[in-house]
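What follows is a set of structures for review.
Paired with chain B in one complex and with chain C in the other, chain A is shared by the two complexes that follow.
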Partner chain A sequence: MNSITEKFLHMISDYKEMWNSSYYIREDGGCAGTQSTKNVSLKPIPGGGGLEIKVEPGTKGENIYIPACVTHGNMDDIVHNDFYIGEDADVTIVAGCGVHNDDHEDARHNGIHRFFLAKGAKVRYEEKHVGSGETDGKKIIDPVTDVFLEENAVMQMDTIQIGGVDKTIRRTNAELKKGAKLIIHESILTEHEQTAETEFHVDMQEPDSTVDLVSRSVAKDESYQNYHSVIKGNTRCTGHSECDAILMGNGKVNASPELFAGDIDASLIHEAAIGKIAGEQIIKLRTLGLTEEEAEAKIIEGFLTGYQM
Partner chain B sequence: MNSITEKFLHMISDYKEMWNSSYYIREDGGCAGTQSTKNVSLKPIPGGGGLEIKVEPGTKGENIYIPACVTHGNMDDIVHNDFYIGEDADVTIVAGCGVHNDDHEDARHNGIHRFFLAKGAKVRYEEKHVGSGETDGKKIIDPVTDVFLEENAVMQMDTIQIGGVDKTIRRTNAELKKGAKLIIHESILTEHEQTAETEFHVDMQEPDSTVDLVSRSVAKDESYQNYHSVIKGNTRCTGHSECDAILMGNGKVNASPELFAGDIDASLIHEAAIGKIAGEQIIKLRTLGLTEEEAEAKIIEGFLTGYQM
Partner chain C sequence: MLTLKDIHWQLPGGEEILKGISFSLEPGKLKVITGPNGSGKTSLAKIIAGLETPTSGTIDMDGTDITGWDITERAKAGIGFAFQQPVSFKGLTVRNLLEIAAGRHLDEDTLCYIFEHVGLCFGEYIDRHMDDKLSGGERKRIEIATVLARDAKYLVFDEPEAGIDLWSFSNLINTFQRLKETGKHAMMVISHQERILEIADEIIVVADGQVRTSGTSDILPQLLADEKGPWCPLRKDV
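Now for the complex of A and B:
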C-alpha cells in the first residue's frame, strides 16, 4: 500500500502494523492486502466492484476491517460490499474511508454497503470519514448503507466525519423485523465551504422493534449541513431521534426529522436543538487556563465524540 | 341569519344574543349582520369577496367577531379578509368557522386572512372550526393565514378544530421584523375517515424575533393528520416548536418539523412525541368513578384545550 493509505489507516481504522483478524484494504479501487479467518470470509465480487463478506453463525468477538482509501484526484471509486451476518454472531466491523487529493480533479469514494443480519445477530459498525489535501480538487465521500435486521438482530452504527471532506451525501435505510434494534450515532464536522447532507430512513415493520438515532453536527465557517430523517412505525415499536447542531462563524444547518406513526402502539419521540456554544461553557474552560480557541475546540470535541461509547 | 348559523355562533364565537362590539357574520357567502365601531371599521370589498378591517392606532381591549358559516352543500365559499392593525393597538379577533352539510355535494369554506400588524400592535386571534351534518357530502375548511409583524408586534393565534370537519388543509405563513413575537397554539381532532394537513412557515428576518409554536393532535378511528412546520432563523432569534399527537383506534400521524438556522445567534429547538394515551392515566381516572370512555374523553379534552390560555 502507499504512504497516504497507511496514514489514513492510522486515522480511520486503529491501524498499528497489521490486524490480527480479517481485513480487506481497498486502495484506489484495487486491493492492498486482504485476509479471511475461519469464521469470516471476504470474497471479492468478480470485476473488483466490491466484497461479499460472510460471518459464520455464532462467531463471537471478531473484528473485520474494510478501510477504503482514495489517494489522488480524477478518481471516482464505487464499491458494493454485502455483509451476511450469521445467526447469533456478534462482531465489530470497522469501515473507515479516507480521501486524499493533491490534484485539480475531484476524488470521490462511494461505498454502498448492505447488511443482512440473521436472527439474533449483533453488529457494531464503525465508520470514520476523513479528507486531506490542499488543492482545489474536491474530496467527496457518498456512503449508502442499507440495513436489514431479522428477528432480535441488533446493529449499532457509529459514524463520524472528522474533517477535510468537501461534499458528502449520506443515505442510510433500515428495515427492522420483530424485536430488532438499531442504534445510530452520527457526528459530522464541516468547515470552510463544505456541505454535508444526511438522509435516514428507518422502517419498523414488526412488533417490538426499536430505533435510537442521535445526530450531532458542527457547522463552521461557511459550511452547510442538511439533516433529514424519517422514522416509520406501523407496529408496536419505539423510536427516538435527536439532532443537535452547533453553529460557528457563518455555518448554517437545516434539520428536518420526520415521524410517522401508523399504529396506536407506535411510540415515537424527537428532539432537536440548533445554536451556538453557550458563553458560560467557554468562560468555565478559560478559567482553567485554556485560550478561547482551545476552549471551543475542547467543547466541539466533547460534543462530537463524547457520547460515542 | 338562519338557525344553523345561529347554532354555530354559539359554538365558535361565544355568541349570546348579539355582540356589543364590531362584527361581521358571513353566511353562505352573504352578510347576515355587521357593525363597525369608532375604532374598528369593517368594510366589505366590492363584490362580496371579503372585508378590509382597520383598527385605529392605540385601540385597546376591543373584540372583533368575524364568524363565517356555510350551511348547505354544493357551496364553495372563498373569502379574503385583510386586517390592518394600527400602532400599539391591542385587540382580540374571533374568527370561527362552521360548515354544515345535509346534502350530497361538498360544502367548503376557504378563508384567506392577511394580518398586517404595525409597530407594537398586539392581536389575539381565536379560530374555532367545526363541521356538522350526517350525509356523505363533505365538510371542508381550508384556511390560509398570512401574518406580517412589524417591529415589536405580537400575535397570538389559538386555533382549534373540534370535530366534524372531513378535510382540512391549513396553511400559515409569517414574517417577523425586529423584536416581533408570534405564538401559535393549534389543536386538531380528527375522527372517522377525516384528514387534516397543517403547514406552518415562519421566517424570522430581523433581530430578537421570537416564535413559539405548539401543535396538538388527536387522530381517532381511521383518520390521518399530517404536520409540517418550517422555522427559519437568519438573524439573532429564538424559535421553539412542539408537536404532540395522541393516537386512538387506527389513527395515523405524520409529523415533520423543519428548523433552519442561518445565523450563529439563531437558537432553535424542537420537540415531538406521538403515542397513545398512557394506561396509568386511564386507571387513575377510573378509580375516580369514570368509565373508560369518559376517562379517555377527559384526557383528550385536557390535551387539546388545557394549554390554551
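Now for the complex of A and C:
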C-alpha cells in the first residue's frame, strides 16, 4: 500500500492500523490487502474486475471495509462489487473512495456496487469520497449503487463528498419488497468549477415499504450540482425525498424531485429548498463570539454532516 | 458598567427610531425596558449587541468606547444577546450551539445546570437539531440557554417570556433573580410582563424612541393603573 492510499484510508474510514475484520483495499485497480472472516467472504472476480462479498445469514455486528483509491492520473478504474447479505444479518459496510491526481491526465474511479439483502437483513453503508492534488488532471468519481431489498430488509446509506472531487455522477437504484426500508442521507460540497450529479430511482413494489432520501448540498464558487430523484409507489408505501441546498458565490443547483403514486395508499412527499445562508444564522453565531467566516464554516459543517446517521 | 449616551438611530430611509436615549447597566442590577410596540426597544437591544450602529451617541463599556465595535468584538468583550425570535439551524444540534456559546466542551453537570434555568431536561434536547422540529417555545428556551452558557458580563434579553409556558416563565424569573444575586452580571430585559417588571431594579419606559419615565418597581402600580400608558399623547401631563 502506498502512502497516498494510507492517507486516504484515514480520511474515508476509521483506519488506524490494519482492521481485524474483513477488508479489501483496492489501489489503482489492484489489491493492496485483503482478509475474509468466518462469516464474511470476499472473493475476487477473476480478471480483477471486482469482488463477490457474501455475508452469512445471522451475522451480527461485523464491519466490512472495501475502500478504493486511485493515486495517479491517466487511470480509469472500474470495479464491480456484488454484496450478498444473508437472512437476518446485521453488518456495516465502509466503502469510501479517494482519488489523487498530480498529473495532467484524468484520474477516475467508477465503483459499481450491487446489494442483495435477504429477508430481514440490515446493512449500514458508509461511503465517503475525497479528492486531492492540484494539477489540471481531473479527479472523477462515478459510483453506481443498485439495491435489492427483500422482505423487511433495511439499508441505511450515508454518503458524503466534501471537497476535491472535480466531477461526479452518482446513480442509485433500488427495488423494495414487502416491509423493506431504505434510508439515504447524502451530503455533497462542490467548489471552484466542480460538478456533481445525483440520480435516485426507487421503486416500491410491495406493501409497507419505505424510502427516505435526504440530500444536503453546498455549491460554492462556480460549481454546479444537479439532484434528481424518482420515487415510485405502486402499493401501500411511504416515500420522502428532501433536497436542501446552500448557494455560495456563483454556485448553481438544480433540484428536481419526482414522485409517482400508482396506488391510493401510496404516501409520497418531496421537499426542495435552495438558497444562501440565512443572514440571521450568521448574526446569531456572531453574537456567540464567532467571526463571520467562522460562523459560515460552522453552518456549512453542520448542514453537511449534522444529518448523517 | 455599560453606558449608553444620547443614542440616536435612524433607518436607512431616514425615519428616526431612537431619539437620544441614555442609561447604564451595572453589575448586580436588572433593568427592564418596557413600552408600546414599535417604540424602539428591540432597536436599542440590537444597538447594544452591535447588530445596528447608532447614528450618533456613544456606548462605553468599562471605560472603553465600543460604539464602532462589531457584533463579534462585543460578544468577545462580554455582551450576550438573546433574540426575540430564535434562529433555526439545519444540522446544528443544541449541544453544538451551547458549546459554541461557551467556547468549550460542556460536561453533563454544566449542561444540566444551564437547562434547569430554562425549564428543560438536557438529556431530552441536547442532541436534537435546532430546527423547526422543535416548537417555538422550546427554541426560545434554548435561545436563552445559549446566552446563559456564554456567561457574559452584560446580558440583554429581548422579550424572553414570549412563547414560553407558565412553568418555564417561573423558572426564568428565578434565573434572573439568581443571576442578579451573583453580582457578576448586568442585565437588560425587554419585557411587558408584570412579574419581570416587579423584580426590576429599574424600569425604563421607552416610547417613540425616547425614555418617557423611569424608576424602581415602585412606579409599577402607577404604570399599570394608567389605562393609556405613560406614553399616550392624549395624556395631559405628557
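Everything that follows uses one rule, which is that the second predicted complex is superposed on the first by the 309 of 309 C-alpha atoms of A that agree within 3 Å, B and C clash if a C-alpha of one lies under 4 Å from a C-alpha of the other, contacts with A are read in each partner's own complex, and residues count from 1 in each chain.
Just so we're on the same page, contacts are C-beta pairs under 8 Å (C-beta built on N, C-alpha and C of every residue); 3 or more make two chains touch, one makes a residue touch a chain.
Values in this document were obtained by computation on a predicted structure and should not be read as measured data.
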Checklist entry - Mind checking chain B and chain C on superposed chain A, clash or fit? => result fit
Checklist entry - For A:12, is the partner it touches chain B (first), chain C (second), both, or none of the two (neither)? => result neither
Item to check | chain C versus chain B, contacts on chain A by residue | outcome: B
Next on the checklist: Tell me the contact category for A:304 with respect to chain B and chain C: first, second, both or neither.
Outcome noted: second
Next on the checklist: Which partner chains sit in contact with A:269 here, chain B, chain C, both or neither? Use first/second/both/neither.
Outcome noted: first
Checklist entry - Under the superposition described above, what is the C-alpha centre angle at chain A formed with chain B and chain C, rounded in steps of 10 degrees? => result 70
Checklist entry - Touch check for A:249: first (chain B), second (chain C), both, or neither? => result first
Checklist entry - If you stack the two complexes on chain A, which partner ends up touching A:155: first (chain B), second (chain C), both, or neither? => result neither
Next on the checklist: Can you work out, in whole Å, how close the C-alpha atoms of chain B and chain C get once everything is superposed?
Outcome noted: 15
Checklist entry - Intersection of chain A residues contacting chain B with those contacting chain C? => result none
Item to check | Residues of chain B defined as touching chain A within the complex | outcome: 245, 247-276
Checklist entry - Which residues of chain A touch chain C in their complex? => result 216, 244, 278, 280-281, 283-292, 298-299, 301-307
Item to check | Touch list for chain C against partner chain A, complex | outcome: 49, 51, 70-72, 75-76, 80-81, 83, 87, 89-93, 96-97, 100-101, 103, 129, 146, 150
